[in-house]
Structure formats: structure tokens, C-alpha cells
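Two complexes, one shared chain (chain A), two partners (chain B, chain C).
So, the complex of A and B:
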């Protein structure tokens, strides 16, 4: 799966994403595989990785990674990966006594610092600091941001939060990468607006959506990739498009209309 | 017009570039920054979406010393709210003591999102009318800024450049509305392109084939299937013929004028009626 997606993106699997800010929009509810792709790719590269899981628990990612041949548990034990249980933070909002210091609850009031500090401290814990050159550029992954919008955090604070994280990961040397996924429900104005905001900020936008012609057993959806200005130098916008078919451990990517079922 | 604005031949105090995801205005701003650096002593660049290095590295080396980048993302208060305001740029400009200065902002969307739009507009107005500032160029994303805020900004700007995706493929299109100091307003439509190094090239007036709206207008016209056929009759109706047709009263329809006759078939058309104009008794031998 990792090799196929790397080949489609035209990137080197040993150092991607280097200094890229990747935003993934999932319009099909099937696009979760891209986050697993990035997670496993970065773990395989031994890069210091901080993962904020807002939609699933650690066990979920661990099981999927096992299928893809990566051991997240050992990565966590080796201090290469730190997992922030966002789901627990959200459920703690309603627990008496914990609500005052809850970083997500504070985000409701526009106070982004506690959550950003949590990420900052986590990165520090795995040895990433602004003062020393680390062996690899750090990566920060958030899955998925629409959960924050769904629990009621206003759009402007969500954007402000992402903006600060982007600033945080680029303040290290070598500069890190930010990967954020966002589920977009049909007709949800806030999610769509957040996506436009992120697309303007990002250097690489990936959109996973259903086929326009409806459900198909052989072709599960399509991926549209847009490369924009990189973070440090301008480049011409270019697009890539593919259709995909997911199986248990693998993904088939093919040009539009070139599915083996059609040919 | 675009070339004159970029090179400074056409004077404008406040240039507003409006863009959207399909046609990003950052490359145009880069070109503007470089040409503005040629004609001013100092240029303040306020960056929100890309770090200062992005702009600094692209600019030609001999102009870099005139460029002063201010990272808009560095200033947060202890709660994490963005505290940066344009007033700080104004203060820094005022410290320049009469040096001709330009100001560029890579995106106004974040300041407008975080604070009420009129506050940003007021600060921009103060900046654009400041004595030392010769020109201000600002990018705003149309797809993220509501119409009201866009209207406020356009009202303040002396030149508005709307970037549009060009239908012809690689090029970009723009609509320019420029108000000269004399009060005369120019409106032009131009197309342009960037080379591999993102330097602007091929600025030319927009051709009709490149323009999105005109293409739409053309396709919405009804095609005339008989145009290329040598027919002895015509299918199209002229306006007068259409008018005459609408005057015809169809038989059996209730028109309210001939109530006196004794036996008549009246038929009131139903909304969902499938009205058949053929004679239903055609096949009978009457």
C-alpha cells in the first residue's frame, strides 16, 4: 500500500513528507487509509512523530499498522512515536474536576495554548527540541480535525489552532511537517470552509471522494492531489488524479476508467 | 494596465488582489514585491500564509536588503490568540522618517477571520494614507471572506485585481478596476502567465475565447439545427411570429367571451395534463 501511494504521488518513500504541510479531505468516509499511509510511512522512516488521535484510539491504529507490517507499540516504546489520546480528552470534558484544565474545553473559548503546549511537550518528550538538531524532521499528524468542529469548537479557533501547530513544527531545525485529515460531510458549511482555509495554508492537498456516478463494487472512489507552493519556495501548481480500489491490506490505483473490471 | 501597475507607471496607493483556490494570488504578489523593491527604499512584507524565507529566497539577491519581512504568526498572547495588528507596521513605517516605503500583505484572510473586518479596514486605510507609504498591496481570498468584508476592502482600494481561472488552460485571467488620482475609472480584462521561475510573462488583453463568462453565455444560447442545412422551411420563430402565435385562441378552451351558445364542449386544461394536439377521432371513419 505504501509503495503504491508513494509511486502515485511521485515521492521518495525514504524522506517524504519533508517540509510539506499535507491536508487530507475525506469526502467519502473511506479515505482513512491515507492517514494510515502517512503514519506507517513516518514510523518506517524512524522520524520523531506526534500523533493526535481525535477519531480513534491507539489500539485501532496499532491493529491497522500491524496489517501493514509496522509495529507502533515498539515505536512508542522507543520514543519515536507519541500518541495523544484526543478522544479521552474530549470525553474528559464531562468528567467533574477535570473540566477546568481540559485543553479541548479551553479551545472552545479560543484559548489554543494548552493544546499547543501539550503537543509541544509531547514533541519534547521524544527528544525534539528547538535547540538541538535531531536525527530527523519531526512530523505531527492530526486525525481528524472535523471532530473538533463537531463537538462545537468555532471554525476560527480550529484554524487558529492549526496555524499555531504549523508554526510550531516549522520552528525546529530541520523543519517538520504537518499532516491533518478532515472529514467533510455533504453540505456542511463549517467543514467545507475549514477545508478551504487549510487548502490555502497547505502545500499539498489531497481529496478523497466517491465516484460522481455513484457506488461501484470495483472502483471505490477517486483521489485528487494538488501540489501548491512549497513552504519555502514557490512552485507551479500541478494536479494528479486517480481512482482506487481498497482491499484488506492493499490498494489498487489506476487512471480514470482503467479499472481491471472495466478492461 | 497590469504591467503599468506592476512597474509603477500607473500610480495607485492601495492595490487589492482578490483570489480563490483555483487561482492563487501569491505569485502575482511576489512579482509585485520584486518590482516594488526596484522603486522604493524599503518594503514591509507582512506574511501570514508562508514564512518570510519563502519571499526572501525568491527575491533577487541585490534587492533583499530592502525587504523587511514581518512574520504575522509569531505574535500570540498567553491564551493563544493572534495579537498581531497592522498598527505595528504603521509604527515601523513611521520610524522610517520619510523613506519612500511600500507595504505588502500576503493574505488578509486571517486578520479578518480573527477580528472584525472594519478594524482591519480602518488600519489599512491609515496605512495607505500614511505620508511615507507610496503603495500598499494586499491579497484577500474571495472564497473565505464574506461579501460584506470584500465590499469594504474594495471600497477602500484604488485598484482591484480579481484573479480568475482562465478557460484556455495554462494562463491566468484578471479583471482590473483602477481609479486614477484624477477620479477616472478604468476597467480592463487581461491575461498573463508565469514562467518556470514564477516570473510574470505574456501580459495581454483578454481574448473572448479565454473568458469564462463569455464562454458560458455562448453555450447557453439555443443552437440552431437548421443553420447549416439547405431547407425549404424554417423551424425557428422570429419575435413577431412568436407574438402572433401567443395570440391564437385554441378551440375548446374556455375564453369567457362566447357564453351564449347552447351546446359546446368546454375543456379546462389540468396542470398535469398531457395535452395532445392531434385529433383524437382521427382514426374513426366519421
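So, the complex of A and C:
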């Protein structure tokens, strides 16, 4: 699966993403596979990686990674990967007694620094710090930002949180990458607005959506990729589009209407 | 999850694992532990059953009749497989719900002399002890004639005309959610904005139940069991939700429900428990809120009954009582969820059977009208190869 997506994106699987700010919009409930793709790609490259899991527990990512041939547990033990259990943090909000210092709770009031510091400290723990050179650019992945919106964090704080993280990862040398996924419900104004903000910030945005024609067993959806020109990455703006079909461990990518079921 | 049990070495390993927890089986699809929803046909559509550690969301039909019934099936299944129950409802008394549980179809002979769980244990251990010559050891685990019927069986059928024998309900295995007192002020003090106090209480008691009942996966125990959490009509006005009409942001009012669902997910992921939640989604004004709720649950099924709707009179639907939309199948621990053949499902209710099946057109309709032409049922399966019988017009 990793190879196919790399090939589609036209990138080298050994050094992608290099100082990219990737935002993944999931309009279909199926787009989670791209996060697994990035996660496994970075672990395979032995990059220092910090993963903030807001929607699922570590176990889930671990089991999927196993199917894709990566061992997240050993990566975590080797201090290449650090996993922040965001789901646990959120559930602690509800439980009385642990409330005061909760970084996500602070986010409700517009204080982004505790959560950013948590990320910063986690990166430090795996040997990434801003003042020294280290091998491998760090990667920060957030899955999925819309959880913050759902639990009631106002849009502007969510966006400023992402901006701070972006600043954080670029402050290292070599500069790191930020990968954020966001679920977008149909007609959900807040989420759509957030997406507009994010795609403005990013250097690469990927949209996964359902087929307009409805449910289909053979074609699960489509992917639209936009490479952007930016200050950090001067290049030609270009687009790519494909349809996909997922299977247990693999993905088939094909141009629109070229599904093997049709031909 | 590995609890060591004394088992003969010649048995298959997988077998032993199944036997460890009553009423569960591993998924053929991704090897997760599954429990039945109490409706075998629903199990088959959502990938074999309900994965342990996940939340099933039922979006209620207009009068809530059928989802309430499905909740009862879910709980009755727990009683038959000796699993624990946690039940909570704001709309009606939980005792009443439990009293109305339907009796199992194959318990007709058995209801005269019910067997309590301790008896079963005694029975099996004595059976182990008087170790006779084992010629056909394959059959040694088969249930005794007088034993509880189909205790290891996965999914049962229930007879709606009879209620379950109250003596089958083991009070030790049943716990009720906290009572909801609408008089107390709803906003939960200082911290998270709009956190509903009732949800907070409910979550705390679920959490305590998981810890104290030994349902946590980190807890080591000889005999493991599953906790089934049933929450009826979550998000209805009786939970004091949406009460802050003064709040200018409508979505902020749903935030406490979202927080609750996320926290519940976090608890369940590390527990031997499943939850079934019914939500009156048709009462929610904002579609976006419903979508967010769906995303925070694992399996989502929407029920649309024909009662009182125009579809009741439509000849296409005369064999059915309503439609079932499987909106989401969990992609937990895998890249893809189990795949549906077709999204067009319907249910019918018989005295002894609640069946969900593919929607078929009645045969006489096909002769009179153009196949698939005027009938608006193939709307989900528009794309070419979805093998539906519905249209010749599809390309």
C-alpha cells in the first residue's frame, strides 16, 4: 500500500515528507488510511515521530501497522515514535478531579501553549530539540482535528493551535513536517471553515471523498491532491486525481472510470 | 486477555479461546472478539457481530418502537449468555425495560426449571470429575439434556409474546445507571463549558462498573465476562441536553454529548465491554451534529419504520415494517470495514423473529411496472456493478 500511494504522489518513499505541511480532508469516513500511510511511511524511515491520536487508541494504529508490516511497538520502545493518547486526555476532562491541568481543557479557553508544550516535550523525549542537529527531520501527525471541534473548542483556537504546531516543527533543523487529518461532514460549516484555513496554511492538501454517484462495492472513493507553491517550497502548483479501492492490506489506485470491475 | 485455564492439550487452541468468554466468538474477518447484538441477521450485516470495545449507535425511528425493541434484544442476549448488564435511560424506568425482555424461543422447555449460573458451573465441574471412559471426546462439551439451552450459541431468537422468566435475571449481573434528577441545575460547575452533569455522572458510574466489575483488560481474572452497556434515548431532552437555549451557538450545546461519547470510547477501548446507544437523531435540528455523533460511535445503524409514514401504503414495501440504513461499520484495527453487498436493507418483525434482509421487490410488481423504473429504492446503489436486481437502466 505504501508503494502505491508513493507512486501516485510521485514521491520518493525514502525521504517523503520533507518539510511538508500536509492536510488531509476526509469527507467520506474512509480517509483514515492516509494517516496509516503517513504513519507507517515515517516509521519505516526511522524518523523521529510524534503522533497525537485524538480519535483512536494506540492499539488500533498498532494492529493496522502490523498488517502493513511495521511494528509500532518496537518503534515506540526505540524512542522513534511517541504516541500521545489524546482520547485519554479528553476522557479525563469528563472525570472529575483531574480537570485543572488538562491541556485540552485549557484549549477551550484559548490557551494553546499547554498542549503545544506537551508536543514539544514529547519530541524532546525522543531526542529532538531545537538547538542541535539530529538525524532525520521530525514528523508530527494529528489524527483527527475535527474531534477538537466536536467537543466544543472554538474554531479560532483550533486554527491557532495548528499554526503554533507548524511554527514548532519548522523551528527544528532540519525542518520537520506536520500532517493533520480532518473529517468534514456534509454541510458542517465549522469543519468546512477550518478546512479553508488549513488548506491555506498547507503545502500539500489531500481530499478523500465518496463517489458522487453513491455507494459502490468496487470503487470506494476518490482522492484529490493539490501540491501548492509556498514560501517554504517554491514549485509549480499541480493537481492529481484518482479513484481508489481499499482491501485488507492494500489499495488499488486507478484513474476515474478505470476500475477493473468496469473494464 | 490470556487467562490460563486447564485444558486438555489435544484441543485446538482457537477453540479454547472461544470457550473462555461466554457468548463471544472471534471475527472471521479481523480476528476481533465479537458479541451478538441479539439479532442474528443484524450481526451478519455489520461484520459478524459487535466487536468488544466498540459502541453501536442506533438512530431511532420516529416513535422509537423498534429501536427500543432492539435494545431489549441486546439485553436479552446478555441474560442468555450470562453477561453483565449496565442499563440507563432518562425516558423510562430501567426496571420496566428489564421486565419486558422477551423470552428466548428455545427456552420453552427450559422455563419450567431455570438453571442459575452457579448450577451450571457445578454441573460442568462434576461432569469433569466423574471421568468415565471417553470414547467420543468430541461430544463431551455438548450440553446436557437439562442444561441451559444454547449457552455458548451466538445470537438467539426471541418470542415477543412471552417475557423472560425473571428468575433468569441474576441481580448480581445487572446494574442501573444513575437516576436523573432534572431539578438540579444542569451546568456542571466551572470546567468544560456546557458539560452536562448527567452525562458526567453516567460516565463515572460506567467507569466504576468497569473497574470494580473486573471488565478492564488490564485486570487479570480467572473467569472473564462481558459487560453490555445499554443506554436508551441518549441526547433526548430528558437528559437535560440542549437545555441551554440561551447559548447562541447551537453546536456548543451538543459538545457535552460529544465529550461523553469520546470518553465512553476511551473507556471501552480498554475494557471487555460493548455499548448500544439509541439516539433520537430525527429530533436533532442540525444534520451536522448527527454526523459528528455518528463519527464518534463505531457502528451506526439507522432505523426508519413505516409506521405513520406514506411508505406504509406503498406496495413495494408491503412485506416489511421499515428500512435499515447501515451508515457506518467500524474500521477498528483494520483499514477497511466489512463490506456491505448493498445498502438497501429492510426489516420485518414476526412474533419470533426480527429479521433484517436485502430489500426485494415483491414479484408481482416486477410484471406490472418497469423494473426499477419508477421505484425509488435503488438510490444508494447507483454505481454500476453493485449487483442489484433493481435496474436494467444502470450501465
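The rule is simple: the second predicted complex is superposed on the first by the 260 of 263 C-alpha atoms of A that agree within 3 Å, B and C clash if a C-alpha of one lies under 4 Å from a C-alpha of the other, contacts with A are read in each partner's own complex, and residues count from 1 in each chain.
The criterion applied here is as follows: a residue touches a chain if its C-beta (ideal position, glycine included) is under 8 Å from a C-beta of that chain, and two chains touch if they have at least 3 such contacts.
A quick note: this is a predicted structure, and the numbers were derived from the prediction, not measured.
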item: Clash-or-fit label for the pair chain B, chain C on chain A; value: fit
item: Which superposed partner A:218 touches (first chain B, second chain C, both, neither); value: second
item: Chain B versus chain C, judged by how many residues of chain A each one touches; value: C
item: First, second, both or neither for A:29, with chain B first and chain C second; value: second
item: Contacts of A:258 with chain B and chain C, given as first, second, both or neither; value: neither
item: Partner chain in contact with A:201 - chain B first, chain C second, else both or neither; value: first
item: Vertex chain A, arms to chain B and chain C (CA centres, degrees, nearest 10); value: 110
item: Touched partner set for A:63, first chain B, second chain C, both or neither; value: second
item: Smallest separation of CA atoms, chain C relative to chain B, angstrom; value: 17
item: Intersection of chain A interface sets (partners chain B, chain C); value: none
item: Touch list for chain C against partner chain A, complex; value: 30, 191-195, 199-200, 203-204, 207, 251-252, 255-256, 258-260, 262-263, 265-267, 269-270, 287-288, 291-292, 295-296, 328, 331-336, 339-341, 343, 379-387
item: Complex interface listing, chain B residues touching chain A; value: 21, 24, 26-27, 30, 49-51, 53-54, 57-58, 73-74, 76, 78-82, 107, 109-110, 113-114, 141, 143-144, 194, 196, 198
item: For the chain A and chain B complex, residues of the former touching the latter; value: 110-113, 116, 156, 159-161, 163-164, 166-167, 170, 193, 196-197, 199-201, 228-229, 231-237
item: Contact footprint of chain C on chain A as seen in their complex; value: 1, 29-30, 32-33, 36, 56-57, 59-60, 63-64, 67, 87-88, 90-91, 93-96, 99-100, 105, 108, 146-147, 150-152, 183, 185-191, 211, 213-220, 246-249, 251, 261-262
